[in-house]
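I have a structure here, written as structure tokens, and I will follow up with some questions on it.
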Amino acid sequence: MIEFRKEFFADERDDDLNEIGKPTRRQDILGHVTGRSPFFDDHQFDGLLHLRCVRSPHHHARIRRVDTSQAEKMPGVVRVLTGKDVPTNLNTLLSLLDFGIDDEPILSDKKVAYRGEPVAAVIAATEAQARAAVKAVRVDWEVLPHVLDVEEAIKPGAPKVLDIYPNNKFIYHGKYDHQKLRFGDVEAAFASADHIVEGRYQMSPIEQAPIETCGAIAAPEQNDRYVCYTSTQALFFSLGTAAKVLQTPSSKLHFVGGTVGGGFGGKVDSIHEPLAILGAMLTGRPVKYAWDREEEMQVGAPRGAERWYIKDAVNRDGRITARKFIGYFDSGAYTRLSSYAIIKGVGHLPGPYTIPNVYADVYCVYTNRTPATAMRGFGITGVDFAIETHMDKVAETVGLNPIELRILNSYRDGDMKAHRREAKNCALVECCQVVAEKAGITLSAEARAATSLTGGGGERARIPNYTATDQNGRVEGFDTGSYARKSGSGPAAATAQPSTAQPARAPQPGSQPASRPASASRPEQAPPRADPPAKPPESRPAASRSGAMRFSSLSGFRRR
Amino acid sequence: MMAKTPVNFTLNGNDRAAFAEDGQNLLEFLRRGVGDMSPKYGCGQGTCGACTVLVDGETHLSCLVLAETVDGKEVRTASGLSSPALDPLQTAFMEHFAAQCGYCTPGMLVSARALLDRNPRPSREEVIEAISGNLCRCTGYEPIIQAILAVAEGRARA
Amino acid sequence: MATHRGRGFAAINYPIGMNLGGDPSQALVHSNPDGKFTVALSAIDLGQGMKSVTRQIAAETLGVPIEDVYVDTADSDTGPHDMGSFASRGTHRMGNAVIQASNEARSVMLEAAAEELEVDAADLVTDGKGNIHVKGAPSRSITTMAAAQAAQFKQGRTIAGRGIFLIPLSEVDPDTGEMTPVSCFAHAAMLVDVEVDDETGEVAVIDMQSAYEVGRALNPKLVEQQLRGGAWMGMSHAIWETTEPYYPSREHGPEDFNSYLMPGPGDLAPHHISVLERPAPDGPYGGKGPGEMCANPVLPAVVNAVYDAIGVRIDDLPVTPEKVLRGLKAQGGAKPRRML
Amino acid sequence: MTSTVLTVATMGEAARAVAQGATFFGGGTIVMRDVNAGTAAASIVRTTDPSLKDIRISGDTVTLGAGVTMASVLANRDLEFLHPVARLVGGPQIRNMGTVGGNLFAPHPYGDFAVALLALGARVVMAGQGGARPIDDLLRDRSRSPGLVAAIEFARPRPGTFGFLKVSRIKPKGVSVLSVSALLPREGGRIRGARVAWGAMGAGPQRGSSAERALEGQSLNAETIGRAAATAAEGLNPATDAIATDWYRREVAGVHLKRMLEQMERG
């Protein structure tokens, strides 16, 4: 049921390596089949305490008062945490990349913006006791109007999900309330098109659903440090987040993970590590904080829903001359990773096709639902569903075999993409041909003769002489550092690869030396820039500096 | 102080005794109380099968078994499959790449073992039925089905 | 009752590595006294096979057998920084870091061997079986174990290497969206056959035929794991999965695996996979990273197949029996299209 | 709420505890989930009384102890007509644990075995109470259980008179979109005393009176089946849940009733 079609691109590969290309057994497989692989929860601690959160029953509400006095008297309860116990009780995941404004409390103390948002945490001797005590925490709510639909949320007068972002939209580059893509002039192309094909597509919210739920166990370690066993997908991301939230030098934290019971993007949010470590700090005992399945499903961040509107200009012969996208990512109540998913998605447009005029406005919209985060296919799965469903509508409109249509419009080596970088290493045409052949679908001679290596470049490599730009969605009062903001330098040309890019390998007796010269140009790579202007993060709270580690030297994006 | 109930049982053929807390399920009892980490927590609701163990030879969801009820009974878990030598199923799972994250694997193996113990030559449909209470999010099930069939058809090197 | 067959097609590409770069991965490699190697990472294996693929990359680059390499991950006290296992960056970024670290360790190992054999290190090659010998003169050889022991106990050398891979952070033009999103793409095409029950709206996927281009398949079995499991997940997204069945309403959100629907082993369809390998110029041994993209083509292919079968377009996932049935009623029954 | 569990030797003791408000713990598949979630009653009672697991078959009368598991139904050759029902309850592990008695109280969308028992016109024997009552009475309002169920008894249906169908989104193990069961005794080729029961088409197992009316006195043929299917959903108020809407359940009820009846017609 699987075949390796070595005849394709054979001259770009040498297939005589020692270990690479071999079906070697997984290093971890014996541990898996004997049940010995050490997942985070498989570490035993004497006197382990269990942490569970008190959660909002409302989509949107102000917190008048949190009364933990009853819960504190319950059997087995060691400590009850609220927002004031968290040293830096505000974070945004990508602050480690200096991207976005801290917008999400660890334990909310002023208001909640989604059902399930944590407002307090109970630490008790057993999980059952923690559950019982959670029910005894009294919260005085003032229920607020809420909004759940992305297009409702951006209408004037819609309930305000977050105070820092106007009209429930993330601000890109301190300049616009959406991410723009402008390449050529779609309106001109629409005016002269043989056909206009339009569509609306709704991608559903998806739970990553790893069989192991998210969690962490933290314990005091020797030398005034804390060890944290975690299911994270990103060890230092979680470590850095904990260091920031707890105002602790990262050197005091010892994270152990690496054996994870499925992630699929659901284990990057670093929710559990900070609270588990805080619990260990405040009780002096090992503390476990893990979601049960119900929390994993409804409180754990899903792949957010996406809504896409696509409009194509199409010639009689099936060539697509323009494609316009309006997209709405449902970020839920906080930013997490949705803002970033959109930039990735926009860089992916218009899909694997060469279209001379492309336009996109994509909005990161806040609604009163569980915040969205990463999932397998991050930023791409939803829009690919939209694009490829739309392609079938185009095929039907022009009466072309759907596979022929893809090959006709497919991008080839040397083509200019809408994000103004040259395509290379393409293989879409070949994939289409192989499937058609397997499925017994006869393609035209042209489609059969097409390759990704030919027919590209030339005219197709040109950046349009004229690109229609606009100031729609301009915002004031936001400042930006240089993260994801283009510097003065013009469009990138070819540049040298990083030294490791073309692996040298152990020469094998009788084998050819490693292929491809190290000087091969890499058009996808922008020219290396001098250090961007680093602005002092003057408006970042002192708290967030202490102990925080940064993965980016670039200055932050924040409000003036 | 919570009431505790003494539980005497055999785990993978060895006599064990430990105290079960009031209302404690067998999964927590085996993991925290006895130290057998091979059954996994996936839901605590009886919907994923990661905690599957054998009680007197029948597959049970240990998260739904009241720990004190295994007093005097025989419990087998995935960690007992490899004593002394690897179970042919374990070898087949390795050869067929039937595990990725490995979290559902112990429960899956216990269900597969229970099937082969009462039906050494199951059909594909019987294999599918036997693992239908064990969820896997990584593999798409096919490699697991193939691994179990390989043992049943004697194709797997044991 | 009638069931209607339909075929749907989709083709996609997928960007490899963290969008816009700026996502370093580091690796450390060192030899034990007996010439076995430990690779220290902080990367995460969540089932995709990080430990296994970096082990093969290290063995290939060091020129030693796979059994002589063990990958240790992830302990923040011993593993150097890695951005994490997401964005299909693991194999590509960490793979390159492991190559750099292994090359550095390899060169020390060869120097040690050269000193023992009294030859020039540049004349030495490894046979991948634990021996180092003079190019063209296999008899003049030394085992990697002997070389490692000589380095440590006679010559006072450390056989170790450091590696990092970083594609520098690039930026986005706010007005045009000009950017440098990634360094390479994986590709896929997918054709699915479905059967639709026009009385109940139930859709069954009965066959999948795919072609995936994944760069070099560093381990064909790990690639197959990703493609098979990923296509299953794509089928699941298309027909079953949602955390909010009545989105944007938050009512009736699933809270267990009985109400969060995913296809069971009785819902599988045969999946005939073809793998194409166009090496990525900047990928480790040309590898890309097939893990994330494999589900993507299945969603639209299923939607297109349902349209092909009954003429009902479901532009709102998932394709539930209810949506299909409402569509059938709205257009007065099935109107097969037969586009493929 | 943390729960305490009392274990008693006899059904009588257990019944007394239940009368005082304790929750009875049978196979654990329902109650233990609540215990894990901290939503179970403070006091729980279970019994080691062996009679609970008895399967008695005398002549045409079948008596199942409340503690009989789905697996033991499947293991019993004399109960073959119930195998298609028991096989569709949960997965293998659940069938090794879940009991006939527990299924009577399983919340929506569970309880498919009870649907079959309702169609069979079973009678429920309560612990410590003489005689047996119609299962209809117990299922009418399951929140007010009149005590502890000790056993369920029913007459073995004549060949070809009993049918069951369960529809779920996941195969082979999935919860009900709906389930339907029918007992169609014949006298001279005519249906006499038709009983149709639905699962997941209301708060709990329901009688399908409109379908019963359409079937009563008729011979089971295409025309009769069509009439029964057309009115199938009348009087049913299914819920909307994560699996399906009330609209969809109503919409396909007739389709599935028809498919089950056609299967029975083919024999």
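Letters A, B, C and D name the chains as they come in the text, with residue numbers starting at 1 for each one.
The definition used in the following text is that a contact is a pair of C-beta atoms (placed from the backbone, for glycine too) under 8 Å apart; a residue touches a chain by one contact, two chains touch by 3 or more.
All figures in this text were calculated on a predicted structure; none of them were measured in a lab.
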Pick out whichever of the two, A-C or A-D, is joined by more C-beta pairs in contact. A-C
Distance-maximising chain from chain A - centres being C-alpha averages: D
When centres are defined as mean Cα positions, the distance from chain C to chain D in whole Å is 47
Please report how many Å separate the Cα centroid of chain A from that of chain C, as a whole number. 17
Take the average of all CA coordinates in chain B, do the same for chain D, and state the distance between these two points in whole angstrom. 29
Contacts with two or more other chains, residues of chain B listed in rising order: 2, 23, 43-45, 47-48, 97, 100-102, 128-129, 132, 135, 137-138
List, in ascending order, every residue of chain A touching at least 2 other chains. 25-26, 28, 75, 128, 209-210, 259-264, 292-294
Where in chain C do residues touch two or more of the other chains? 46-47, 49, 221-222, 224, 228, 230, 233, 253-254, 256-258, 260, 262, 264-266, 271
How would one label the connectivity among the chains shown: line, ring, star, complete, or other? complete
Chain D partner, complex, touching residues on chain A are 75, 128-129, 131-132, 135, 292, 294
In the complex, the residues of chain A that touch chain B are 25-26, 28-37, 39, 41-42, 44, 48, 75, 126-128, 209-213, 259-264, 292-294
Considering only the defined contacts, which chain B positions touch chain C in the complex? 43, 45, 47-48, 97, 100-102, 127-129, 131-132, 135, 137-145
In the complex, chain C touches chain D at residues 1, 199-201, 240, 245-246, 252-254, 258-267, 320-322, 325
Chain C to chain B touching residues, read off their complex: 46-49, 221-222, 224-225, 228-233, 256-258, 262, 264-266, 268, 271
